[in-house]
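One chain, chain A, appears in both complexes that follow, with chain B as partner in the first and chain C in the second.
Take a look at the complex of A and B:
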């Protein structure tokens, strides 16, 4: 492995043009990930036709690098402006933005930079050492029943995040789950709750909903404060987290690497579930659950470690089996095909040079996050000095573009503003925005896998529970739920 | 003919100092696991290899049925980029064919095409958006047979043969049933059917089985004709669907060959049934449904490009020429060959497309009524 890695490194840095492609990917991914309204997918779609003029290794490497740095880039806007660059950065906003409001933006961004790099590098190392056996294990042992069980396990802690009471937390999650059912059902393709509108048959897209619940509702909240005379601008602070602050969260980092990697390795799941599960596990194991959603450093650390840990893992099913884990890895398939290659087992035998250039590039791209991220952060934090009356319209404009650009539907802009208004009202009443978003995103993934899983076991729960991983996760989820209910009953008088 | 593709093949072939068959067998050894020995096998391996090497470009270039190499732009149209609405995501079959066709049209005419992906609702979101776009010829649509089946089920939905003008259908393909190559419980269609019957409805097949979809209709034909019950598991994305078969989560897979080519090349999957009236050359050792005693007309997957019926006639004529001629471009032919879209005739001009769509609508409507579905 080391020899191959060194060969890949030599190929990567032995040719000036290849170095140029690498640097372009690193900077482009960070930039497009960080600018609200566009994402790494936008950059990838623009670049796709041009990869035909690159060598296969350069083309695939470029996309892999964009994937690594773009996943991190979205964290910046999530933390500073409550605008997650992509769904996988949404949990970062749960605690990152409250930290900004408390004058701790530097700590949040610094933690995001460092943990993205750690998660990504760790993931790249595992990817390099065991791609083929891990891919085989994942597809042999993880099917729809296990993925549903994983989602259930993740949702079981969702009520603890951000709500004024556990009951309000649960109601928020349930609202998210209901919203997730809008659109065609995942099995029969039957329209639900679309009220005759064709566009609604496609369901509520994640990005407009997230932009509405986070960015737009936040602007309404701040505007209300301004009108009421209680507004205070976020304190400007560029202090990074200290070594000891980060060391105190070492267990959260390791746990998120495992969680992120496990989610990333599942075909068709990718970094979004990883980030939510990483965050959820941080909440589950914390002694101070009530602090999450209110500006806890561990929330940022867990989310950003997990989503970048998923990047290397998502390459495993793609390269070993030809199974893309998400939209960007699906585009990588197109890059392969443009060069008459198909990702899959034969790539390891037919194009080992390509594989190791890609592996090496992902490793160095994650290291680049650390160095470039720390340098750019000092500059980006100055954006917080822009007065609210200028910043708010800019955010609204960029969020509107971001909502529209994904599918080019006016409906998505409407959804964003409706989510913003609903989010604003619910936040006033103590309901949890993170809970709604968790319900929405995990609900869609969970429902589909539950339906597929039930079909696979012929609607026989005994067969369902004969799958050990599935049983362990569901039992653990039920125990968490019972504990949550117990807490709710006993804590209710003091909380209300 | 694309010499940059063909020449390396010959250089490689002759530098190996071997016969063509010897060379092909050496280079594409993985297919030995998939196909049985014999002359037909060698021929099919050869055909596949030729397709992979771009040789199919030559054969298909001869099929170009638009003799006119250039056409004057009517009153300067188009004087700016076209917009192509694609009702599916960029990574799937529609996204890829849209990209390949857009590239080919641009190569031919120097007119850029911006692709606007509007996925969701089994293609209905993109279709609705297209029908609302200006019918000025600057907006074109990519769509698949889902538009025909949707109209068959609900006649208020746009009829692709009436409300739209097909510019070209550029991909026509058939479906197959796949199993894992290392499967030990069954090895071919008869043993698969026997095994499925013994499971009493508990066997599973991965599919895209939305209500009324081509996949579900064909599976109904197959299960009825074979007197077997099989649980269809619906996966809307390719990766989990193929992963389910690879990992043994399901017993078989219903798919089109171009979408699983890498698994066929790698020797992971093996086709055991072709749903087509005759054996395509590449799959000459895979029986057809008719040979296995199933007497139904196969429904085909087809992807094509359309313009609104109200677009100006002279612009429509130019667009027809551009898209039909672009089909013959080397880049497009290479793309189609890479997707097994050259093993049956993938080309339909406007008249051929209308005939195909009308036939599909009629057939879907009959089947839906037979299935007891609410045909409007």
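Take a look at the complex of A and C:
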């Protein structure tokens, strides 16, 4: 492995053009991840046609690097403005934004930089050492029932985070799930809930909905505070977390690496659920649960470690089995196909150079997060000094363009602003915006895998529950729901 | 008159003798139930059997709707028994959500205007297009946010519009809506022609 890694490193840094592609990917991913309304997916979609002019190794490496650094980039806006650059950064905002409001933005961003790098590097190391056995394990043990079970468990965890009561948390997730049913059903392709709009046959796109629920609703919340005279600009501070502050959370980091890696390896699940589950597990194991959501450093650490730990893991099903786990890895398949290659087990034997250049690049990209991230952080924090009446139209415009360019539909911009208004009203009433978004993202995956799982076991629940991983996850989900139900009936109202 | 309306609203929000719920809790419960009922009724439009799947296209959404109705009752029961306060141990709950108190009817109007304005912009994108509608929208948003310095609005609008055009039109070459109504379409076409000529120069 070390020899292959060194060969990959030599290939990566032996050619100036390849270095240029690597640096472009690192900076582009960070920048597009950090601009509200534009994500790493936008950059990847724009770059896709140009990869035909690159070598296969350069093309795939570019996308892998964008994936690593873009996942980190979205944390910046989540922490500074409560606007996650991508859904996987949503839990980061739970504690990151309250930290900004308390004048601890530097600590939150510093922790996000460091933990993203740690999560990503750890994930890259495991990916390098165990891609093939892990892929074999996954193919033997993970099928639609397990994926549905993980979605169920993830939604059960998500419903317990964000809403003012557990009922509101559940209603938020259910709203996301029902919105996800708009469009064609994943089994028979029958149109559902399109209300006569042909554009809705393709369903509600994630990006406009996410932009609306997070970015636009946040602008509305700030606008309302301004109208009510309670608006105050976030406090500016560039103090980084100390070594001892970070060392105190070492267990949270290790736990989030495991959680993130497990979620990342499963096709279609990826970094979003990883971040939610990393955060949820941090809350579950904490002795001071009530401090979460009010500006606790551990919240930022858990979420950012988990989502970056998922990036390396997401490459395993792609490279070893040819199964893309999300939109960006699906684009990587397109890069392979442009060069007459197919990702899958044969790639390891036919193109080992390509594989090790990609592995090495991901390792160094995650290290770059640490160095470039720490350098850029102090600059990025100055965004807090821009007056919000200047920043608000800028964010709204970026979000509008981000919503439009995905599918070229004005309907998506309308959906985004409607989601913004709905999100604003739901937030006022104490509902969970991340719960809605996670329901929306996982709804279709859950339904599809439930249907496939049921067909696999011929609707026999005994066979369904004879699969150990599936059973464990479903039981864990049910226990989470029962615990929430118990607290719903017996917990006392908060005194705050 | 608006003050009377506000007082009536405040009175309606006071705790009832029977339970701790407020009028808004009843409205919330009704909205969730209406969503569940409407979506359930519409599901009959696509209630077709799928040969390879026993539960059909309606199975999954109907289970979600049934759960939604049940949880909506639970939500109302909670507010009836315990009021609007947050449950203990809730994580990431938005505590600032209800912090803003409206003191006058004009504040309601101002917030309503801030919410509706972007929606008008989105709806106008098809006929007016991005290139013509955007500068006005940027300026209007700043006015709605309370900015009154004309020069500041003008320069900020030009800077933001210029940056957006530079990033999306020149660097990324992203296709943006041109509008389909004259003279907006003609203006958009003129801007795009300028951009093409600029490309040819380099």
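Keep this in mind: the second predicted complex is superposed on the first by the 473 of 496 C-alpha atoms of A that agree within 3 Å, B and C clash if a C-alpha of one lies under 4 Å from a C-alpha of the other, contacts with A are read in each partner's own complex, and residues count from 1 in each chain.
As a convention for this text, contacts are C-beta pairs under 8 Å (C-beta built on N, C-alpha and C of every residue); 3 or more make two chains touch, one makes a residue touch a chain.
On a predicted model such as this, the values are computed, not experimentally measured, just so you know.
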Inset, instruction - Answer with first, second, both or neither: which of chain B and chain C does A:455 touch in the superposed model? - result: both
Inset, instruction - Considering only the touch criterion stated at the top, classify A:49 as touching first (chain B), second (chain C), both, or neither. - result: first
Inset, instruction - Using the touch definition from the top, say if A:408 reaches chain B (first), chain C (second), both or neither. - result: both
Inset, instruction - Give one of first, second, both or neither to describe whether A:352 is in contact with chain B, with chain C, with both, or with none. - result: neither
Inset, instruction - In the overlay, answer first, second, both or neither for which of chain B and chain C A:330 touches. - result: first
Inset, instruction - Considering only touches as defined above, state whether A:20 meets chain B (first), chain C (second), both or neither. - result: neither
Inset, instruction - Using the touch definition from the top, say if A:202 reaches chain B (first), chain C (second), both or neither. - result: first
Legend entry - First, second, both or neither for A:188, with chain B first and chain C second: both
Inset, instruction - Look at the residues of chain A and decide whether chain B or chain C touches more of them. - result: C
Inset, instruction - For A:133, select first, second, both or neither according to whether it touches chain B, chain C, the two together, or no partner. - result: neither
Inset, instruction - Could you list which residues of chain A make contact with chain B in one structure and with chain C in the other? - result: 187-188, 190-191, 408, 451, 455
Legend entry - chain A-facing residues of chain C, complex: 24, 28, 32, 35, 39, 42-43, 46, 48, 50, 52-57, 60-61, 64-65, 67-68, 71-72, 74-75, 78, 82-103, 107, 110-111, 114-115, 118-119, 121-123, 125-126, 130, 134, 137-138, 141-142, 144-147, 156-157, 160, 163-164, 168, 172, 174-177
Inset, instruction - Would you mind writing out the residues of chain B in touch with chain A in their complex? - result: 30, 52, 89-92, 95-96, 99, 103, 116-122, 124-125, 128-129, 201-202, 204, 209-213, 231-237, 239-240, 242-244, 246-250, 261-263, 265-266, 268, 338
Inset, instruction - Could you please specify the touching residues of chain A with respect to chain B in the complex? - result: 45, 48-49, 138-144, 183-184, 186-191, 198-199, 201-203, 267-268, 317, 321-325, 327, 330-331, 333-334, 337, 340, 342-346, 407-409, 448, 451-452, 455-456, 458
Inset, instruction - Mind listing the chain A positions that touch chain C in their complex? - result: 46, 91, 94-95, 160-171, 174-175, 177-178, 181, 185, 187-188, 190-193, 195, 216, 220-221, 223-228, 230, 283, 289-290, 292-294, 388-390, 392-394, 396-398, 400-401, 404-405, 408, 410, 413-414, 416-418, 420-421, 424, 427-430, 432, 434, 447, 450-451, 454-455, 459, 487-488, 491-494, 496
